[in-house]
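Each chain carries a letter (A, B and C) given by its place in the written order, and its residues are counted from 1.
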Amino acid sequence: MAVKTVLPFGPQHPVLPEAIQLRITLEDENIGQVLPALGYIHRGIEKAGEKNDYPLNVYLVERICGICSATHGLAYCMAVEKLLGIEPPPRANYLRVVWTELHRLHSHLLWLGLLADAFGFESLFMQIWRIREMVMDVLEKTAGNRVIISVNTLGGVRRDMTDEQIEETLNTLAECERQLNAILPVILEDYTVKKRTVGKGVLTAEQALRLGAVGPTLRASGVAQDVRMTGYAAYGELNFQPVVEQAGDSYARAVVRARECFQTIDLIRQALQRLPEGDIQNKPRGNPNGKAIARVEAPRGELMYFVVGNGTKNLERMRVRTPTLANVPTLLEMLPGAEFADVPVITLSIDPCISCTER
Amino acid sequence: MPKMLPTVVGNLVSKPATRPHPYKRREAFVRARGRIIFDISRCIFCGACALRCPADAIRVNRAERELVFEPFRCIVCGACVDGCRRGCAQMIAQYHSPAYTKPEEYYRAPVEVKEEDQL
Amino acid sequence: MGEAHVQHRELPDIENVEVVEKQHLLPRVQQLAARGMRFITTTCIDNGEQFEVYYHFDHHLELTHLLVTIDKNEALPSITPVYFSAFVAENEMKDLFGLRVDGLNVDYQGRMLVSEEVPAPPMRKKEASERRNGDGS
């Protein structure tokens, strides 16, 4: 007769990078049912967004999450620009693309390092983060900060890039690409790593669409959906295709993120080579009124902002739908049937970012 | 194992990747965000910086011609620097060093800068 | 001060919004699910007297929305029988607005995000009489 135990996994656990609690019902090492318990990081950001003036909300919204902070700022600026009826100039659109893609690169490198750490492979974790340090130095030299880069503003961007900064960025990216090519086979072609990720946490394409998964979690199951194909900012003029894998297990999700690193470096090169001349900001005027929706591809998936203005300088409602909010229910279907030792790896493979989830 | 070997050997023979901070400090990059300082000789006490601050770190008293700035509430966003029309609020690249108490900085016209410790 | 240059433009609004009644909500959502729509999220807006609840869906990167308007003490049917992952968004509406949702598959009883010490749902607008009495929040 199997013995049933209910085990709380999290919110503090050596392998779990985020503060989420999963109540797992175990029957002798096999998982029966999983219930998530959220609420450890709820800060009430949607309520604070109604009390601030609308230009100050840009600084509030960037601090929802550290790893995808530039994309939150970009989505808020795009939504409020629709309410005010202004559009950023072309040079600002290209610079927004460059900084968003640099942010995506640092986020994927962070995740690859955490994956290596989840297996206990700490030296590889440190090596991948050494490559990430080069990207952080580029961000600090061009935008001013390492983590919360704060370059988006209503109507454009706040800083410009000089020609020698562009050249320095391109040289750093070439070095990153060379080092990534040298270090990625260690994690993606290793026998032990494959034994722990291939076939674990399988999500079919039909399940992924029905549960509402987004981002690399969806693309690793064979569905080619990427919000960048709608052509916001300057993406409509760049040349790229979504990165898709067919297997749907944790290994496929790791491969999708690794291939997206190379796609990102290529996108930044295209954008920097086509950078047009001009100003970097169109000043906003007036108060926001009406309703607007903006969607952006954050490193973890689709990020949606729905803002409602009422003609005063405060917004009426600011609704944020973050990608991990859509990916957490997939855990409830991936985990039952797996073994308990696979839970950290499967939870990490959807790339949880709980501070985004419970703003 | 053979795939990681070139990296391991390379790490053994090259110099360390870290720097012995605080004995050797790195110079701040030119456009990095460090801290905010005020050049009070140019200030007209209009209060535009205080209106734009998202962290409420600046208080401007026009009647007594005084500006109070709390550097440990500041998030170094630069909104005050963008909004100041006289070039009084400036951002420098070196960050504020850590401290045991949270001082407030009082700037009074004409030109004197006085720092007083307040808990 | 430049008023001559201000054009009278229409208020920006979102497209593809369909207004449904509360009793037609579940059949309409089932029709959308049969067409392969992906569920994004729900949004609740408190406009003083009533709640306006939006349901956002996506099909190959095109958005569709449903809008239900109900009174503050009515209950909405849950769409979790059709879309299993909607329980996160609907529990959040229960916690923050006090909106009653019936038939949830995973129900946190209003305590998913908000702890027991919080007396009232935080994001509801205060009634007009309370606002006049000086409670400025």
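Heads up, the rule we're going with is that a residue touches a chain if its C-beta (ideal position, glycine included) is under 8 Å from a C-beta of that chain, and two chains touch if they have at least 3 such contacts.
In this text the structure is predicted, and so the values were computed from the model without any measurement.
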Minimum number of chain-to-chain touching steps separating chain B from chain C: 2
Chain pair with more C-beta contacts, A-B versus A-C: A-C
Length of the line joining the C-alpha centres of chain B and chain C, rounded to whole Å: 42
Inter-centroid spacing, chain C versus chain A (mean Cα positions, whole Å): 25
Interchain centroid distance [CA atoms averaged], chain A/chain B, Å: 29
Chain B, residues touching no fewer than two other chains: none
Multi-partner residues of chain C (each touching 2 or more other chains): none
Partner chain A, residues of chain C touching it in the complex: 9, 11-14, 33, 36, 38-41, 43, 45, 54, 56, 60-61, 63, 83-85, 87-89, 96, 106, 111-115, 122-123, 137
Chain B to chain A touching residues, read off their complex: 3-4, 6-8, 17, 29-33, 52, 54, 75, 77-79, 82
Chain A - residues contacting chain B, complex: 52, 55-56, 59-60, 123-124, 127, 130, 137, 140-142, 144-145, 150, 158-159, 182-183, 185-186, 189-190
Touch list for chain A against partner chain C, complex: 35, 37-39, 42, 44, 46-47, 51, 82-83, 85, 209-212, 225, 227, 229-230, 289-293, 302, 304, 306, 308, 316-317, 319, 321, 325-326, 328-330, 332, 358
